[in-house]
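The structures come next, written out as structure tokens.
Two complexes, one shared chain (subunit A), two partners (subunit B, subunit C).
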Partner chain A sequence: MRSKHSTLLTEIIIALLFFSLSSIIMVQLFAAGYEKSLDSKLSSQALYCAQDWAEQAIAAPLSPPDFFKSNGWVETEDGVLSYQHGDTLTLEYTFQLSQGNGGGVLYTGSLSLQAPRDDAPLLTLPLTQYRREGDL
Partner chain B sequence: MNKQEYRIGTGFSTLLMIFLVLCITTLGILSLVSARVDMKQTTRNLEMSQGYYEASGKAQELLFQIDQTLYTLAHSATSQDDYLAQIKRTLTLDASDFFIEDDSIFFSIDATKERYLDVTLTLTPYDGKGSRYTIAAYQLTDHQAWGEEETFLNLLQEDNE
Partner chain C sequence: MRQRTQHNSIGGLFMFGLLGLFALLSLALVVIGTQAYQNVVHISDSNNQAQSVLSYVANKVRFGDTAGAASVDRIDGVPVLILEQAFDDELFETRIYFFEGGLMEQFVPAEDEFFPEDGELLVHLSACAITQEADNLIKITLTLDNGETCAMHIALRSDTLSSGREGGSLCGVNIQPC
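Up next is the complex of A and B:
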């Protein structure tokens, strides 16, 4: 009888040990999935945010830099326009002008989104617009 | 009256543990696979959007180039026919497809993933003033044939030869 109890106890201890080891691995698996899911969500959010601004700038009757400035974007010392979207994302619009001989202006630039925890931008969306003389 | 006793037999805890580990493993793998598929879809969406905006940027640069050429030619041409003839002779664009037909200029830019940004411009009459063209079309088209990625059962004998 004593031997039977001892076997049962040993089995339960081994089962618990194995279960805890498996749990550690499984928790890591769940954490990896969750982190991937968060990254995916952040990337989607960044894309929608950048697209939203880009499409508004394209549709606006102003030049892209003027449109951004009139919508709360701040110009930094190096000429880059910056905007804080919520607590997580920072948008930046870098551009350069090419004046045409017919009065039009080509705004060559890109919108980039930066998350606080990353060094590299989440995404960079080219935003180049040509405005003819009569468009502005 | 006999009181029935329930006791945990040897092997029950092992079976329960195996069952639980299997359940958690399955759920964990499903969660990871789902997250990976989601990430793949997001990355593809991102690449397609970036492809479109790159193509659109290139199209805008070409519009700038066309407008510069038209401005120069409008001031040097002597008549509408001369103007159109000079455009056909001098205008060259770095695009996937480009041609001039009557008073229309067409060009196409690769927007990745078998998609192209097709732009059609209608030239306004030559007078050296005002807008030199109007954008008649600016659309993203899919040049991939329908169902090209799918595989079909080759049921017809002629195709096997």
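Up next is the complex of A and C:
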């Protein structure tokens, strides 16, 4: 009788141990899945945010740097324009000027979005615009 | 004898307790899993809804973006995004608007009267505002079913080109792989 009891007890304890290990793995999987979905949401938000600014810059009568400066972007010491979008994203616009053959100016640059926990930019969106001489 | 019976009942109770604990923990794991899954689905749904609507409207505008063809007008109090296209000398309009909780679209000859209820439902939304911020800039603001709001500007390249400024390039988005 005693032997039967102890066998059952051992079986239950082994089942519980196995269950505990499975639970740990499952909870980690749930957390990873949730984090992935948040990352995915952040990526698409970042893309729309960058596209939104780029579209506005293209439609604006000003050159892209002037447009960004007139909309609350801050110029850093190294000439990069920066903007804080909400609590999570930082936008940066880097550009180079080159003289076009027709007398206009070519603004070659890119908008990059930085999430707070990552070192590398979340995405980089090239933004290049040519302005004729009379438009500037 | 009595002591032995008591010992047996304690052992049985202990095993019953262990089984109960096992059942409770299983239930807790299922509940946690369900909640996590619901959260993931909720995030993914709202993300997909916003993405698909904004992309659809933006692509429609870009597809029909010839000089003067895209505009926002208010017809019978309803803001309507109008995209004009000519087929065999006849002018047609694609009208995209928000009506009774849904984003609607209709493709009709330009001279046809506007009956908002005749449009085809694209997607259910809580609210949608389509505005023309400048001659060459359209803004779409969506409020999703979960209350989230997202907005997107669409620059009209054809108007930009016709006014003498060269359009910009937005191609080649580099997204960091997750």
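To be clear about the criterion, the second predicted complex is superposed on the first by the 121 of 136 C-alpha atoms of A that agree within 3 Å, B and C clash if a C-alpha of one lies under 4 Å from a C-alpha of the other, contacts with A are read in each partner's own complex, and residues count from 1 in each chain.
Operating definition for what follows: a residue touches a chain if its C-beta (ideal position, glycine included) is under 8 Å from a C-beta of that chain, and two chains touch if they have at least 3 such contacts.
Every value quoted in this text rests on a predicted model; they were computed, and no experiment measured them.
Colleague: If we overlay the two complexes on their shared chain A, which of subunit B and subunit C does A:His5 touch? Say first, second, both or neither.
Modeller: second
Colleague: Touch check for A:Gln84: first (subunit B), second (subunit C), both, or neither?
Modeller: Neither partner.
Colleague: Name the contact category of A:Ser23: first (subunit B only), second (subunit C only), both, or neither.
Modeller: Once the two structures are laid over each other on A, A:Ser23 reaches both partners.
Colleague: Who contacts more of subunit A, subunit B or subunit C?
Modeller: C
Colleague: Just to be sure I read the superposition right, which of the two partners does A:Pro126 touch: subunit B = first, subunit C = second, or both, or neither?
Modeller: both
Colleague: Touching A:Ser40 in the superposition: subunit B (first), subunit C (second), both, neither?
Modeller: In the superposition, A:Ser40 touches subunit B and subunit C alike.
Colleague: May I ask you to decide whether A:Thr76 touches subunit B, subunit C, both, or neither, giving the answer as first, second, both or neither?
Modeller: neither
Colleague: Based on the superposed arrangement, let me know which partner A:Gln96 touches: subunit B (first), subunit C (second), both, or neither?
Modeller: It touches nothing on subunit B or subunit C.
Colleague: Which subunit A residues lie in the overlap of the subunit B contact set and the subunit C contact set?
Modeller: In subunit A, positions 8, 12, 15-16, 19, 23, 26, 30, 33-34, 36-37, 39-40, 43-44, 47, 51, 54, 104, 123-130, 132, 134 sit in both the subunit B and subunit C interfaces.
Colleague: Touching subunit A in the complex: which residues of subunit C?
Modeller: Going by the criterion above, the answer is residues 8, 11-12, 14-15, 18-19, 21-22, 25-26, 29, 32-33, 36-37, 39-40, 43-44, 46-47, 50-51, 54, 134, 136-137, 150-157, 160, 164-176, 178.
Colleague: Mind pulling up the subunit A residues that touch subunit C in the complex?
Modeller: Touching subunit C from subunit A are residues 1, 5, 8-9, 12-13, 15-16, 19-20, 23, 26-27, 30-31, 33-34, 36-41, 43-44, 47-48, 50-52, 54-59, 61, 64, 104, 118, 120-132, 134-135.
Colleague: Show which residues of subunit B lie in contact with subunit A when the two form their complex.
Modeller: It is residues 8, 10-11, 13-14, 16-17, 20-21, 24-25, 28-29, 31-32, 34-36, 38-39, 41-43, 45-46, 49-50, 53-54, 56-58, 60-61, 63-64, 67-68, 70-72, 130-132 of subunit B that touch subunit A.
Colleague: In the complex of these two chains, what residues of subunit A are touching subunit B?
Modeller: Answer in residue numbers: 4, 7-8, 11-12, 14-16, 18-19, 22-23, 26, 29-30, 32-34, 36-37, 39-40, 43-44, 47, 51, 54, 98, 100-102, 104, 106, 108, 123-130, 132, 134.
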